[in-house]
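In what follows, subunit A forms one complex with subunit B and a second complex with subunit C.
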Partner chain A sequence: MNWFFVLISRWLGADARSVRALTRAFLIMDLRQQHYAAATATRPSHLLSPLFLVVAQCLTMSAAMCLILLARVEVFFFAFANLTLSLLVLATTIIVEFHEIVLNPDDLDIIRHRPISSRTYTLARLLNLGFYWSLMYLALNLLPILIGAGLKDAGWWYAPAYLLVSGFASLIVAALTILLLSMISSGPRLEAVKNVLAWTQILLILVVGYGGQFMLRDTNHAVQMWAAKPPSWATWIPTFQLASLIDRFADHPRANEWLGIFGLFALSSFVLTLAAARLNHLYANMDFSPNRLSRTIKMPQVGRLTNRGFDWLLGSSSARLGFWLGRVQLRRDTNLLLRCLLPLQYPIALVVLGTWTGQFSNPCVVFDPTRTLLPSLAVFLCALAVPVMIYQLAFCADYSGSWLLMTGPLGDRQGFVQGIATALIAMLLTPLALILLGLLWYLWRDESAAALHAILAWLWCWPAARAGVWLVLPAPPFSVSTTRGVSLGLPPLPFASLTLLAMFFTSLHTMFAHLTYYWPIALGLPIAIWFVLEFPAGKRLEKLWNAA
Partner chain B sequence: MNPQFRNYVRSITGQLHLFIAVFLGAIALSASTWILRPYLFEPYIRQLPVKSHAGTEVLADGLRRGVANADDIQIAVDRLLNKMLDTPEAKKLPRSPEQLAANRVAAKERMLPEARDRIASSLYWAWLDQDSVEGNDELLKQLLIAMPDTIIQNMHRTIVVGNTQQQLRAFRGLQQAKRSGISQADAVIEFAHRKAKRRGEQAF
Partner chain C sequence: MIAVRNLVKEYGGKRVVDGVNFSVQPGEITAYLGPNGAGKSTTIKMIVGLLKPTAGQVLICDHDIASDPLSAKKCLGYVPENSAIYATLTPQEYLSLVADLHGMDLELASERIDRLLQGFDLGQVAARQISTLSRGQRQKVLLSGGLLPDPPVLILDEPLQGLDANSVSMLRKMLQQMASRGKTILLCSHILAVVEKLCDRVLLLHQGRLTANEPTQQLIKKSEDGTLESVFCELTRTEQIEQGTRDFLQALSRTVNPPQ
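Up next is the complex of A and B:
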């Protein structure tokens, strides 16, 4: 085996020993990176690596999809749904989570001065990528292959057909994603694409989690009917064609189906060769600039820090500084922005699910909890997203510059953090409240009820931000390095308490929203709680700053 | 936890073994679904009951005994439509009596298909939810006269999502529809044959 590896490496123009050492180093770096240890700056008491969590998450998603669909749909739709999920997750995972293993600018600091040829580095990186691809492929396709083989209409050819089609399609998607990432030349453009694609992950979590619920409860069986008689536009979806190929192959493979499989093989080989050549070219020139953003900030003039009309809302200069820094970091650190956007999936999912299932009635008019629970919950889940965002604010790509914050003459630390929270609310939650206003107005045809609900959601964001600082902020803002899977490491107990509180207020809202005298209390309560939480949040910040 | 075990799990070998254990667990899960499919999954596969509306049980019974006919189905649709127009949401919209009248006419037009669909589904469910698989009866005959397209759509849905008994009953109903000269039934019958053949079921 060893001689074969040496032979292949030599044939590809790489040094076998260096390739082996580099690949091992890459694997060790990724497997040993302890999520909780690095992310929370505490002792490494957790055993599971972030990579393991990501793989387990993919496996869970795939298992949920398979178990929901088992015995309910035919082979075609089973393959279509699983392939679509698998390929989208694979692409977005490579882009959002693992793009460092393809083009990691930090490698330059370690290997630039060593005699490592670009081909050696390319081969090691491709082997590293192959390891990830294998893990992700297995996590996303193992269950569809095995569970799908147990479908009543799956013949003996189903498993080999799914294995071949999903394998080649996954290789094509991985190679195309790498090519795309490496070809988008400028940093901001790449970040914009990442932004868009990361929303696909949010959409997928929504589809599997809530779509499954929808499918099981829907008396019209809309999903199964769609699967039985798909519309003509669906044939344009690439996974539709792949699923059709699996379906035909599983039934009885003929020459056309074998030709289709061979075509996929040829295409995957071609795209892989292109991706390898492109990477080799990039490594040969050591041009990692496509992924390397400038870490400098265009600083405003001293004493001229403006916040586009928000200064009147921010009392102290520390708050203005916090607002400015929050705004800048959310713009330049896409990872931070995405982690902050992630908790918004829940209210969005509730709105979509409630609208689909006809359970999104106006609580001011209808007194029927089965129809008004979801809109009430959506209002409070908007606020519940804020503590998650506050938690994520601690982790930042520019954490190494946080010593400036710790040692700088920051007069009002609470005002500073309040400024960051204000930036968060202004940039993310105010637009969400406006979208909610428009949507509720459209759905309910009742502008006053829509406005009241949107204002209530927005008002609750403020005490939720202070509760987040008090209960979940693990370190001063932007002071801890971010590692893969950081968004999963939320402290469970405070979040369980906050969730219970949100459910309690949801119940009250469902019961009393149709009463006029409920609204002054409902709108006044978040303001009162905001003032009450000032003291514990301030005390917590002092503690965090002193510990840092 | 034993420090030696902790160190082992944190090593490269330990982490790789963790992955292997998880994938073996996935294989075990798959094997369990093959074994448990008839007990844990298939019993829950059925067309879900449709919410019945006030009076539809009585109407279904009347249609079954031959004391009601297709005209009574239209009356039931109108009754449900009026009920839908009296909901608080529908009442809240208009601001004046003129708006109320205009709005009611518009709402009636908008809500008519939904009312027809609800009554059809409700009566179809009353026909489908029988112990016998034989579907040739007076209730179905009247339904096919009053709203053939909607009933064939419902039968198609049953063939797609129903359990064996529901599918058989729907299939018998489709055959009756074909005998009655409803051409839309042909495509659904062909679909049902194709599905059964692919699944190795000989019942149709």
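Up next is the complex of A and C:
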């Protein structure tokens, strides 16, 4: 095996010993990345690698898709849906989570002055990515291969067909993703693409999670009908062609099908070679360092941090400072903003699917829980997103500067964190509440009910922020480095409790929203809870600051 | 040896290094000095192949770093200024990686790693992740990485930062020994007292241009009080510094109300 590796390396113009040393070092470092449990203050025995969480997420999505489709569709649609999910998740995960494996500007300072050729570095980085590719490939395709083999029209050839087609297609997608990343390089454009792709992931979760439960209740068998008679435009989707190849191959492979597989192999080899050549070129020319030219940021007055009209609302100077810092970090740390936007997928998904399936009626007028549950839930899910956002605030690209917050004479820590939470609500949740207002107004033609629901969602964000500080904030804001998969590391028990509470209030809302006397209580309750939570949240902050 | 010819680096039309020329001979320890932002680190990065120059040429042991980077880098040991290191590796792992990248003989590498770890007092922490080490210990790991392949050319960018007095003394002796064995050493440092004692020659960079390239003792003789510091200040001072200091002290002496 060793001689084979040396031979291949030499053939590719790389130094086998350096490739092995670099790959080993890259993998050791990746597996030793900070574990989320360290940030949530759990015991060392509870440590979980963020990598594990990413793989688990892929596996869960794949399992959900398989279970939804099992016994409902035939091989073609089963393969089509699973391949589409698998390839999209693979591409978005490489860009959102693993892009720096392919192009890591930090490597320049650490190993660029060592006597290694660009081909050696490229091969080591590709092997490094190959490790993640293998894990994600297995997580996303193992279940479709095993479960799909049990479909009634799947022949003996189904498993090898799916294995080969999904394998080559995944390689093509990974290589194309590398090419895309190498073309947009880094800096603001990469951040923009990451944002778009992260929202694609949100859309996928929406489709798999909520679309799946819609399918289970769909008495018209819309998906089965679509699968049986797909529209003509669907043939342009690449996974449609791949799925039909699997379908034909699974039945009985003939020369054409083997030719198709060979074509995929040739294409994957070609795209992979292109990607490797591009990486090699970039590394040889040192052309992937981030854009170090910073833009000038003007301040209205030297020595004064202004919050554009919010200062009077914030009260203490600590709150003003917190608001300013929160606003600045959310604007300049795109990754933080993205992680804060992710939990909004749930209310957005509910609104979209509820509207689409006609289950989004006005709870003030209609007394039918099957039609009013989703709008009620959307209201409380807006608030439930806030603790997740509060959790994310602890992790920041600028974490190394947090010593200033720890050592500075910050008297009112509660006010400081409240200021940050206010920035979060002002920047993300107020626009969401306004969108909700407009949408409900349009759907229900009832401005007062729409306004009441939007205000209720907005009001609940405030106590939810304090509950987040009390129960889920793992460290002082902006003080922990961001690591791969960190956005998934929410402490499960407190978050499950908050979810149960949101469900409870949703049930009450569904049952009593049509009663007039319900509304003063509903609007007053979040304010009261906000005051009640001041003490435990303050205690928690003391503890976090002392621990830091 | 190191030969730098007409080296230029431009960022967005602005020249940060402007036609720098010098050479460092084997057996010589040369200091590369300059005020903050003078272009020292940019020059060093171009010399070691981290940055592409806009114009000019760098030769390391007669190998052009641009056209023959592998041969040039094989002759080079570099200690960066910004503690750039793989912090999740242990010192042992990091040094083994360096040995592998330089294609060192395994037995020789193992012996040298052991000696370096003991010499820099890193034996106790050799199996701990670098991220958990102190700044000084990290710096020692970086130094060890630079010294491990025993290259003919050593380039050290602020190598003394974070080191205790014993380690500084040890490094000084080590560098003197290495120079006497014919190594070419280029040293960037702001600690002028160490430079005075250690370096044979001083290169002084100011606003991207070399303003001095002379033997250390000859340069010191030119100063009023016989120190390198006064030469440095004389050659790099701008008129605003004294005025700025006066203004700042004046601002400090004003009574202000405590913040609300």
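Note that the second predicted complex is superposed on the first by the 500 of 548 C-alpha atoms of A that agree within 3 Å, B and C clash if a C-alpha of one lies under 4 Å from a C-alpha of the other, contacts with A are read in each partner's own complex, and residues count from 1 in each chain.
Definition applied: a residue touches a chain if its C-beta (ideal position, glycine included) is under 8 Å from a C-beta of that chain, and two chains touch if they have at least 3 such contacts.
Small disclaimer: the values here were computed from a predicted structure and weren't measured.
Student: Specify the outcome, clash or fit, for subunit B and subunit C once both structures are aligned onto subunit A.
Tutor: Superposition check on subunit A shows subunit B and subunit C fit without a clash.
Student: Comparing subunit B against subunit C, which has contacts with more of the residues in subunit A?
Tutor: More residues of subunit A are touched by B.
Student: Once the shared chain is lined up, is A:28 touching subunit B (first), subunit C (second), both, or neither of them?
Tutor: In the superposition, A:28 touches subunit B and subunit C alike.
Student: One more residue to check, A:15. First (subunit B), second (subunit C), both or neither?
Tutor: A:15 contacts subunit C only, not subunit B.
Student: On the chain A superposition, what angle, as a multiple of 10 degrees, is formed at subunit A by the C-alpha centres of subunit B and subunit C?
Tutor: Rounded to the nearest ten degrees, it is 160.
Student: I'd like to know which partner A:523 touches here: subunit B for first, subunit C for second, both or neither.
Tutor: A:523 contacts neither subunit B nor subunit C.
Student: Could you look at A:285 and tell me whether it touches subunit B, subunit C, both or neither (first, second, both, neither)?
Tutor: second
Student: Quick one: is A:153 in contact with subunit B, with subunit C, with both, or with neither? Answer first, second, both or neither.
Tutor: First partner only.
Student: State whether A:110 touches subunit B only (first), subunit C only (second), both chains, or neither.
Tutor: Touch partner of A:110: subunit C, not subunit B.
Student: Mind working out whether A:317 is in touch with subunit B, subunit C, both or neither, as first, second, both or neither?
Tutor: second
Student: Once superposed, minimum distance in angstrom between C-alpha atoms of subunit B and those of subunit C?
Tutor: Minimum over all C-alpha pairs of subunit B and subunit C: 14 Å.
Student: Using the superposition described at the top, list the residues of subunit A that contact subunit B and also contact subunit C.
Tutor: 28, 32
Student: Please give the residue numbers of subunit B that touch subunit A in the complex, ascending.
Tutor: Listed in rising order, the residues are 6, 9-10, 12, 15-16, 18-19, 22-23, 26-27, 29-31, 33-34, 37, 41-42, 45, 47-51, 88-89, 92-93, 121, 156-157, 160-161, 191, 195, 198-201.
Student: Provide the residue numbers of subunit A that touch subunit C in the complex, in ascending order.
Tutor: Against subunit C, subunit A makes touches at 15, 17-18, 20-22, 24-25, 28-29, 32-33, 106, 108-117, 285-286, 293, 317.
Student: Mind listing the subunit A positions that touch subunit B in their complex?
Tutor: Interface residues on the subunit A side: 27-28, 31-32, 34, 47-49, 51-52, 55-56, 59, 63, 66-67, 70-72, 74, 135, 138, 142-143, 146-147, 149-150, 152-153, 217-221, 224-225, 227-229, 251, 361-362, 365-366, 444-446.
Student: Contact residues on subunit C for subunit A in the complex?
Tutor: By the definition above, subunit C touches subunit A via 11-12, 48-52, 69-71, 73-74, 76, 78, 80, 82, 84-86, 88-89, 93, 96-98, 100-103, 129, 259-260.
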